[in-house]
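Below: one structure, written as structure tokens.
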Amino acid sequence: MARYLLSKLFEAALAIWGVVTIVFFVSRVLGDPTVLLLPMGASQQDIDTLRAALGLDRPILEQYGIALLSMLRGDFGISFQHTRPALDVVLERMPATGMLAGTALFFGTLIGAVAGAIAALRRGTISEFVVMTAALLGQATPVFWLGIMLILFFSVQLGWLPTGGSGSLAHLILPGLTLSVFVSASIARLLRSSLLDIMREDYVRTARAKGLMPRTVFFWHIARNALIPVVTMIGIIAGELLGGSVVIETVFAWPGVGRVIMQAIQAQDFPVIQAGVALVAVIFVVTNLLVDLLYGVLDPRIRQR
Amino acid sequence: MKPLLEVRNLTVEFNTASATVHAVNDVSYTLAEGETLGIVGESGSGKSVHALSMVGLIAMPPGRVVRGEVLFNGRNLLALSQRELFDLRGKEIGFIFQDPMTSLNPVLTIERQIAEPLRRHLGLSASQARKRVVELLELVGIPDAERRAGQYPHEFSGGMRQRVMIAIGVSCNPKLLIADEATTALDVTVQAQILELVRDLKKKIGTTVIWITHDMGVVAGLADTVQVMYGGRIMERGPVRAVFNDPRSAYTWGLLKSLPHGSQRGVKRLYQIPGNPPDMTREPVGDPFAPRNRFATERCFRETPPLVDAADSVSGHKVAAWYDLRQELAKLEAASHD
Amino acid sequence: MKSFFSALLQSRAGLFGFVLVTVFVLAAILAPFLGLPSPTRSDLLARMAPPTWTGLFSPGAHPLGTDELGRDILSRIVYGSRVTLIVACSAVVLGGVVGVLLGIIAGYYRGIVDRVLMRIVDIQLALPLMLLALLVVAALGPSTRNLIIVLALTSWLRYARIIRGQVLALREREFILSAHAIGAGTWRIMLRHLLPNVLTPALVIATLELARIIIMDAALSFLGLGIQPPNPSWGRMLSDGRVYISTAWWIVTFPGIAILLTVLSVNLLGDWLRDYFDPKLRTSR
């Protein structure tokens, strides 16, 4: 288990380093920030002074080395737009993104798990058909369009909920619902097929031959094993949601991490882009690490490695 | 001897969208208490399905018991409620399945998997169950049982897992133990050890056993009675010695011929029964083995032979055949001398 | 081929997907011959005209209404499908070719080549695909070509991973071993022996990827990073129409339905293909 964990940690560190490196070089391609920072018609001398101050006059590899070292200390530089530390600008948005992600994950998983279990247990009935049709539609619907449709119905037509922004529970409902639909559709489909696969396993027959009650067979022998791939899926979704759903945050004007990165890209605010992407990568990698750990708890065969 | 199990006209079908599979056709037999019955047949002969269907372990649908009765201690199992079946399985009838690699739950400890029926049927507490699990593991010959109980199936070898399966099967001292291809997935030495263990256990706890296998050799060393099945029917049954020395069904004869003998090892190629297994989706008419039987008469294709006492043999030796195998073999013998 | 179609006829969902996909593809190809008004011609007298069937006053004949510039929505959807189809198919093919080749190379050479490739996959997987796409489009600038590159970039690793696994298994099979034994060259083994054996799973992945890419393409266009105007694109229609949501619901509703139906039909077809060719792939998605 210790070796398994250590190799996973190493892989995680490597992945974060890779992402940070790519982002560093990609942002150099984006354009010259001095053009944005200085007023139009600034003298060449002003430009050079600023470039020197920002360290942009040094060779690119030296810049990369300096950037990497400061990033390790959590220093991503000062945001051009906000003139504050870039990491602060991004971290401030974490609670909003976290709240949205948490809501969507909780309700999405709950609904998806129940629906998936019903579809698998009521094989060949109208319930299965309804659940699977809904899940197929849910997976085929672009989330941002679903968000717009929900705004159209609940905000424009009925006037019950705000069209966007944040600050109250009412603001959370529509974006949360939109993302929950997406989450539950994926989970319902995966759990159903996973359950149906496990139900055919020999050890389920063994469990039934032991005379165990159907409830015990389902929870301890079927669901316990069917959950393993679902946990991976939840981990991937959690990572994506915690990284900030750019489109949904744009549709609902939700002040999250995804939106701030998007705005930084448009404004060529390098420090914020780098801080944001590094944060998202860390979240992503840490969620994956947690999933791997949970995997070890669920599956003793992996724990042994 | 008093009968423990009486199977009467058991017929099982599987209905799929495109076809109906006639898995078990009109199977009847009696099993005495303490007897060991070896059921032999190739895959698709209905030998496993008939045993599983007795206690509701086949998927229904698509499976369906069309007719028949299964009297276990006088109670018709096919008429039991679900709840009564749950109470019976694992307690009065224990199972040992083939392929111990897939028949144990990979994510639960061995202790938990053996303790489950103990706690459910015998109402043992957690600590009582634990004690009993260790006893059972020792009984089936697993060394260091205390420690091994806390391990997972993947930490056991194939033979050891099969021992665990046996421990589960006998955990509640069942009156009947049904072993389905219990040694098939194991290599020959391990197989011999497991068979030795079962013989030993039978002496100790005196369970009635149904041993389902495709291997005539296994049956010879273990069973009192052998029952040969083909195409969902019983082709021949009787005391092991009688059936082995004096087979009356061409199918049994073929199976015995394909067994390796000490004397012919490496000299002659092993005999193989010609032809393919029967198409079970066809309406069962006639002797199912007829298309592969060199001795088949025209009647074999038309009419299903009943299972009747074999002429001039010991009591209990029964065969379902229109032809007389002894005569046919004698003719064959004579022809080869010419 | 015959059994393929008779199996397709057996499955309601698969058939539904197949028919719908065919209709969409035909509509996209035949768009200029369908008698639709020009998708870019604005009719300022008929701005935000409601769909004709709503019974509301609607100047001109616009079955799905017009947008804020008076352009026919049905026509824009049909012409938008051409753009979507070209972009999505090119991305699927590009990502597929790269992914399959890298998957074969990784699975064939194993060792260091395999480890490096899989590490690259891991690094790329440490970022949400959407964020990766945003960054790359921002760096390269929005254009149709760059959009295709970005979408392919989000797609290649799915092929690479699955194909690599298949090749690792194939490698040990007799026909590959015997190809080695008779001295067939590396490239010959990869192209003549391995490639044909992984085409079926690649086709299945491609269909499922197509659906994902269509949604992603729409999302990027929605954020203004996809196809640039005046070319009609579904995502752009949604973001433009969003402003008029309280006065002209049809502008945002119909393009979304078009995306939904397209993705749904491709998914249904893909699921069916997967179950038909290789049910084992189900868990690898």
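Read from first to last, the chains carry the letters A, B and C; within each, the first residue is number 1.
Convention: a contact is a pair of C-beta atoms (placed from the backbone, for glycine too) under 8 Å apart; a residue touches a chain by one contact, two chains touch by 3 or more.
Remember, predicted model here, so these are calculated numbers, not experimental data.
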Set of chains adjacent to chain A and to chain C: none
Inter-chain pair with the most contacting C-beta pairs: A-C
Chain at maximum distance from chain A, centres defined as averaged CA atoms: B
Centroid spacing, where centroids are CA-atom means, of chain A and chain C in whole angstrom: 22
Gap in Å, rounded to a whole number, between the CA centres of chain C and chain B: 53
Set of chain B residues in contact with two or more other chains: none
Interfacial residue positions of chain C with respect to chain A in the complex: 119-120, 122-123, 125-128, 130-131, 134-136, 138-140, 211, 215, 218-219, 222-223, 238, 242, 245-246, 249, 252-253, 255-256, 259-261, 263-264, 267-268, 282-283
Of chain A, residues touching chain B in the complex: 201-203, 205-214, 216, 220-221, 224-225, 228, 298-301, 304
Chain A residues touching chain C - in the complex, by the definition given at the top: 11, 14-16, 18-19, 22-23, 26-27, 29-30, 136-137, 139-142, 144-146, 148-149, 151-152, 156, 193-194, 197, 229, 239-240, 243-247, 250-251, 258, 261-262, 265-266, 273, 277, 280-281, 284-285, 288
Chain B - residues contacting chain A, complex: 55, 57, 85-91, 94-95, 97, 99, 102-108, 113, 116-117, 120-121, 152, 154-155, 165, 168
